[in-house]
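My questions all concern the structure below.
For reference, chains read A, B and C in written order, and residue numbers begin at 1 within each chain.
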Amino acid sequence: MTDYKIKLEIFEGPMDLLMHLIEKNQIDIYDIPIAVVTEQYLTYLKALEEFNIDIASEFLLMAATLLQIKSRMLLPRPSQIVELLEEEDPRQELVDRLLEYRRFKDMSMVMDEMLKQREHFFTRLPEEFPIKIPLPLGLNINDLVVAFAAVWESSIDDYELVSREEFSIQDKMYDIIHLLYKYKGTIEFHQTLIRKGTKSEVIAAFLALLELVKLQRVLVSQQQRFSTIYITLKE
Amino acid sequence: MFYLKYKKHIEALLFVSGDPITIHKIAQILEIPEDHILSLMEELIEDMAAEHRGLTVIKVAAGYQLCTKPDLSTTLEKLGQVQDNKLSAAAMETLSIIAFKQPITKIEIENIRGVKIDRVLTTLNERQMIKEIGRKETIGRPILYGTTENFLKCFGLNGLQDLPPLAELLP
Amino acid sequence: MFYLKYKKHIEALLFVSGDPITIHKIAQILEIPEDHILSLMEELIEDMAAEHRGLTVIKVAAGYQLCTKPDLSTTLEKLGQVQDNKLSAAAMETLSIIAFKQPITKIEIENIRGVKIDRVLTTLNERQMIKEIGRKETIGRPILYGTTENFLKCFGLNGLQDLPPLAELLP
């Protein structure tokens, strides 16, 4: 039983376990006796259970795959040779995966050896220097002027092409205060939407209102949820 | 050679830098042409090949790095300042997949290894062996992983082209 | 001397240790008598005194330490410097806006340039071209930026009054 415990620590996952079973039984990877391997695989999982060890879902998934391949192997096959050639071996996908996995498992051994070789070379930690950033060189006042002229012109173009839709919060604050004076100190929130009534105006108006509350210029009241919001000027 | 007097500067720069340093960077600092740096570097390496010297310069990660000669490692380990930079089998398998298949997503690696690799990825990230190198343009835009400069350094590689060919390992 | 072959070990030990190391400790590691270590150390120091060597060994309270020769410090400090001493086009544009429109807030600059400028501002700050010169008395009290003394120096200006008048520049 201790045998299983040792194995349990070794196997990285279902692929690792399968590779182990294949090597242990000296199986030709291109012609896996799926019934035998499946049985041994399940025996291992059962041993894990006996030790009350949680079996990772990937091990169970592989068990299901193995059982599925096994049942497909048992299905009667067409006797025609031509059709046999065309039909894929149910084990093919698993074999491909195992080969791919083995390639990298072998490579990881090679790389492990490279790392060991490299460990014979000792290096030093870098010396820490305070980072000094030199002043820029080769600057010329003309460059600055040219840069400014360029950016200024292009920004003017922008304003010509795109009509401004944004509402500044500051403008909105003036709107609200102005309206409050006009309507003797109390207005409803929707009255603040005096420009386009777009979503961005609502947002600007709301933010402006929050700002006015913070500055203690206005009071806001609402009787119940979703009812009208009243804004009152604080004197 | 006129530039001979700069050999000591190169030795000192290699010492202070610790990490690999490129010919380009040395040339920038010393303000002399790169080909002169290269020949001075070769001379330096030759000087250090002398039997009584304990240091050498290796070419790694596209630069040059000062280090001790490999035959002295047994002695140096006695200093007790050796960092253990062993990687677990799981980490090494994952790293080899990333090294050869980069850029690669977590799911793609998990498909090859057949296990979840979140913890291993964290470790490799902490050890600065791998890094995010972009996003795959598929559903969920998963992170693409690749190896780092430090990876090259740790494995003594000058570049990814120095990795042993994967094809040779095929059955 | 029989122990001569250990000179390289001492050089390598000094290199790996980084910190000062005592004759006693070296003797312990190499398992040879302390007086031999001491004479090997003296030889090592003499070797390094050669004009073409960039390293030396100094004796400090705690023992012997490998370090670079003092006359190389100016060169070595350049390792820590950011070598690029040019301003990018984006940085130059932003700088020009700040120069002509100061005091100005980040948002105001972004409105003119039509892009986010956080990174450029950080660069200009690091390069000591701009500085915070106050707060605008509006919502959020945003930072106002202006140019520095170094800005004047780098552009060869006596003062901001030397900047060409904006009216001439603009149509």
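Heads up, the rule we're going with is that contacts are C-beta pairs under 8 Å (C-beta built on N, C-alpha and C of every residue); 3 or more make two chains touch, one makes a residue touch a chain.
Remember, it's a predicted structure, so these values are computed and weren't measured experimentally.
The greatest centre-to-centre gap from subunit B, using C-alpha centroids, is found for A.
Of all chains displayed, B has the C-alpha centre closest to the centre of the whole protein C-alpha set.
If you average the Cα atoms of subunit A and of subunit C, the two centres end up 36 Å apart. In whole angstrom, the spacing between the mean C-alpha positions of subunit A and subunit B is 28. Mean C-alpha positions place subunit B and subunit C at a centre distance of 24 Å. Counting partner chains per residue, subunit B has residues 15-17, 66, 68, 72, 76 touching two or more of them. Residue numbers of subunit A whose C-beta contacts span two or more other chains: 122, 124-125, 127. Interface residues of subunit A, counted against subunit B in their complex, comprise 12-16, 29, 56, 58, 62, 97, 99-108, 110-112, 114-115, 117-127. The touching residues of subunit A, when paired with subunit C in their complex, are 122, 124-125, 127-141, 143-145, 147-152, 154-155, 158, 169-170, 211.
By the touch criterion given at the top, residues 4-5, 7-13, 15-17, 28-30, 47, 51-55, 66, 68-69, 72, 75-76, 78-79, 81 of subunit B touch subunit C in their complex. The touching residues of subunit B, counted against subunit A in their complex, run 15-19, 58, 65-68, 70-73, 76, 82, 85-87, 89-90, 92-93, 95-97, 99-100, 111-116, 154-157, 164, 166, 169-171.
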